[in-house]
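Down below is the structure, laid out as structure tokens.
The chains carry the letters A, B, C, D and E, assigned in the order they are written, with residues numbered from 1 in each.
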């Protein structure tokens, strides 16, 4: 039977129909990405303060190349171009903060291209990549241009150019020549810690100033864009293990503060290990992720040939993230035991 | 009686805190809506078998006269909500989004009750079976939204004894205040309804769970229950979806309904406060369910209000009575914004489960498209069922329904918390519904 | 029974023929390989001691890191012109195997890397002449790895400190050995240079 | 001695991982990691067979081939042992433990034409390892191979849902992925010198 | 495959349509392991070409002679024989190369591609087609290895067959294991793209042993 038009509203307005919920909180992917980028501003400014114009150039090349690579790859793959979501910008910025200021400009270029094109878009783009793009970019250039990437310069005195003088990072000095030599350079432990804290030392752009990084991290923690589950276990594990095994005079003689403030640990733990896409998303798995990353960092720092372990530790844990997520799924409400995935 | 402070442990993990916007209507006393000129009464207003029409076109009916007969156990009869003449039988738009058989009655304006309604002041002396029959004959279904026939819920199998009845006055859904007003205005009736429920089920413990953002309702209900030591008013934490029965049972009885199970598995029956009131009316006055409290709210209507409306009242009429749509009105939702369903026409009628009509203006409607999941884990934190909605979304998006099932698809009760928090705007609820449908199709 | 024979006989035939093919190949390639190996070693030694006219003789064996190595004496007309030692040092990811030759005044004449498995492009920079040539003419006390500029000692290749250390340590052990064995007369001279 | 054994074990599991730095077993690696279940089954079977093969072939090599100067026949002899063993295991398992056979039997068939199994005795012979060292190499390599299979399977499950460009779906992206894992595993480089 | 396929088609098939490395995705280990230089890739390719051809020929010759019940062990044994031969020859005449890739030469015996051609083709065909099939497949293998070798050596060391062409080493990573996997993945993807774009192929490489 045809429905007779018995009851008719006076005007039938055009109504939007969709499936609920019809309310949404204020967050969006773009807002998160740009806020995280914003939280890196203090660290970026400090790096410019300490390394001058060369730092500006490295940052610029990374940002521009990342954005171009993102747009280019999306154009090639006939996908919508989404530069405004900020993820490519963030990857570029993080990569820049992972490079030494003295890097010739083809290094940030190659790093960004590899990060965005290979590590991100070959795997399906935002949300699908397995490995942290910025760290893949860094590892790629580290292995390709190892000589340059393991030479660092001290902070500058003039703005426009770097001193030609190269220095080793504190961790390299510690490993190669021992704590005594470090103290010789920095005179007292307090002065050493202070320099590490404000950022007056050789190293990658963003790893230098612990204070600036902590400022950004505190902001993100407050906004709940990152949670404690990865960074705190990560840093704590590094502290504890270096204290136990890090010393030359037997167990429990290491210097955890020095280790915790060096080698990009703060940058890596708060800004890179926390990358949602490449880490586990189950909270308990995140804690395991953090602890393992910390243990691997210490293993590489103390036993490996390469003194800065954070990057490799995070990349290694990226391999394990899907496994962790799979193994540590939360228990469904009302279920005695989580069902294993049947596949 | 009980302290009104909420203990934090009396809740569940997960959940979200959407802006509740209840201030739009919470303080406004309920007004009785006009009798609809033409009441459109769907023959299917509940979960279960639709009823069969027992009237013909042209037939005169009285208010409360049965017009739809049950067809099966899980079913509930439908009654005329106005007195007048049946003018049409056919398929009419329904809030589910499709046309469904309904009876259209043109009101004669007299609003006469059908004769022979039995008033019974001594109702508490009736036997449980007699009471249950009254409830069934009155066509009462869950008024909290799920519209499950109440008498079915009140007939638990023998091996599942019930020892707790909980009235759900949580009303966690944003905007809606119909339960809130009902609790203020009909507190005594609700308490009596609860006592009837307890008698039917032979239970000595009754609770009324109310979110602690409604102190006046808590006070009113506490006062109404003052003389009845077996009834306790229980404030619960303000959090969506605290009103979902599993969450409420956890908070009040401290019991966890097993996954895939029902409240009766842990000895509990949960009923909406409106249902309790309807039960009281049915038992005390013999009146079938023909009207209910409906909140008409949102920034898309000019004067948000609470109504006591007849079943079958078209949305357009209630919205008109609430001052009409504003110029920017863009979305009309049957129910609240979290679980409600958006409507493409205002011709749909109020049914037994319609707790409110929410009209959102354009600027509050999210029309952004969704992006890829960035695995932020917010949905996992938000899910009250402790599922991993991100994986459900990923699997279903690619058509891997079986994998989604392995990720506990079937335990999702579509509360929408995950979609609410998702920064990538991913429509998990939409996908979950789709996957459930596809899997059901495959089974057949 | 007949079936089994039918299956087995051809198989046995194949085995026999294959065995013959392999043995014949072995018979003809083995001497070539043996000669090549011998020649390789001889040539390497010869390169280390260009002045030697007599065949270079094994003078003994020594061991380091649980592995045993040979050392040699090169002579011209019966007079020692060169002392050579096989040695190895622990690099970044492998033991770097080397030959080191000393002139009779206990100064290094030549360092040659025989075998290693360091990271291409990083560790294998120690193969470069500019690094190895630093050893020429140095005496035992000068063989110290320095990470900065140096003429007096051995300068590490930057980015390959570990490999450089491996080479330096290996050379040092070899020189120490040869000085202990043959350097009695010149020890003092060497110490003088060091001063 | 025991320290050397331990060193060999760790080195062959992580640093010289068969897949990520020795490029061995790639066909199997790419072939069975599409599903977690097969990857796990393969891991068990391979580790067990590698260990047994290492012992068997060490005995043959040390007590037959070396004394009789048959080193040049090692290819024929080792693969013969593998083939004979697989045949025997197949028959015995079918009789003695049919349940296990139905779980792991299909993987056994793949073993004869696989280079990982053969590589273990060849490497042992090359290095002149003793019995325990050979076992450490076999066990380490087997566990390292299992680790590789399992993480690869877990990642590919995730990747299945990703929007990988058409031309790269399947093997090409798996290769790039393996490259990236190998890049991460470089972090272990330089930790142990053999 | 039937006998009436022309020999030319058979030959081309091994190189393009069913390229053992890029299309059939068999015997992948050497494709990554020995291709850090063109020369190694070439010599490995030659070794495989030899074993492939000789095995095909032998199997074809003996096909009526071998009982089907023992056919697989026999083929494995035949392959092992020819591998031993090429192994001994290489270890005598190509000492430096052999030091680097001797293990992979020996492992030719386990290559699935060889056994599968013997089983699927040579055991059912006459001498000449089997020979052509062996040569075609072997050449396909050789060309694939050389292609990878050229790509990796050029990018990694800036040289070709050991001859320095560029003054610098552009991307050292390409001659390391990780670079080998990248090169292989990118090359396969690229070939798939060409195939889909210009030849209308499906462009999906199957995988597996």
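One rule holds in what follows: contacts are C-beta pairs under 8 Å (C-beta built on N, C-alpha and C of every residue); 3 or more make two chains touch, one makes a residue touch a chain.
Quick caveat, the model's predicted, so the values are computed rather than measured.
Engineer: From subunit A, what is the lowest number of touch steps before subunit E is reached?
Structural biologist: Contact-graph shortest path, subunit A to subunit E, evaluates to 1.
Engineer: Going by the touch criterion stated earlier, list every chain that contacts subunit D and also contacts subunit E.
Structural biologist: Touches both subunit D and subunit E: A, C.
Engineer: Give the fewest steps needed to get from subunit A to subunit D, where each step moves from one chain to a chain it touches.
Structural biologist: 1
Engineer: Name the two chains that are joined by the greatest number of C-beta pairs in contact.
Structural biologist: After tallying contacts for each pair, the winner is A-B.
Engineer: Quick check for you: compute each chain's CA centroid and the global CA centroid, then name the chain with the smallest gap between them.
Structural biologist: So the chain nearest the centre of the shown protein is A.
Engineer: From the centre of subunit D, which chain's CA centre is farthest?
Structural biologist: That would be chain B.
Engineer: Measure off the straight-line distance from the CA centroid of subunit A to the CA centroid of subunit B, and report it in whole Å.
Structural biologist: 47
Engineer: What whole-number Å value describes the gap between the mean CA coordinates of subunit B and subunit D?
Structural biologist: 60
Engineer: Centroid from C-alpha atoms only, then distance subunit B to subunit C, rounded to Å. What do you get?
Structural biologist: Whole-Å distance between the two chain centres: 87.
Engineer: How many angstrom between the C-alpha centroids of subunit E and subunit B?
Structural biologist: Comparing mean C-alpha positions, subunit E is 69 Å from subunit B.
Engineer: Where in subunit E do residues touch at least two different other chains?
Structural biologist: In subunit E, residues 77, 81, 84, 88, 172-173, 176, 178, 182, 189 touch at least two other chains, as defined above.
Engineer: Mind pulling the subunit C residues that touch 2 or more other chains?
Structural biologist: Residues 18, 22, 26, 30, 92-93, 119, 121-122, 162 of subunit C each touch two or more of the other chains.
Engineer: Show the residues in subunit D shared as contacts by 2 or more other chains, in ascending order.
Structural biologist: In subunit D, 72-73, 76, 161, 163, 165, 168, 173, 176-177, 180, 183, 186, 189-190 touch at least two other chains.
Engineer: Can you identify all of the chain pairs that touch?
Structural biologist: Those chain pairs satisfying the definition are A-B, A-C, A-D, A-E, B-D, C-D, C-E, D-E.
Engineer: Can you check the complex and tell me which residues of subunit D touch subunit B?
Structural biologist: 160-161, 163
Engineer: Show which residues of subunit C lie in contact with subunit D when the two form their complex.
Structural biologist: Residues of subunit C touching subunit D: 18, 22, 26, 30, 66, 90-95, 119, 162.
Engineer: If you look only at subunit A, which of its residues touch subunit D in the complex?
Structural biologist: The touching residues are 77, 79, 118-119, 121-125, 128, 130-131, 136, 139-140, 143, 296, 299-300, 303-306, 309, 311-313, 315-316, 318-320, 322-323, 326, 341, 343.
Engineer: Can you list the residues on subunit C that touch subunit A in the complex?
Structural biologist: 92-93, 119, 121-122, 147, 158-159, 161-162
Engineer: In their complex, what parts of subunit A are in touch with subunit E?
Structural biologist: Touching subunit E: residues 110, 118, 122, 140, 143-146 of subunit A.
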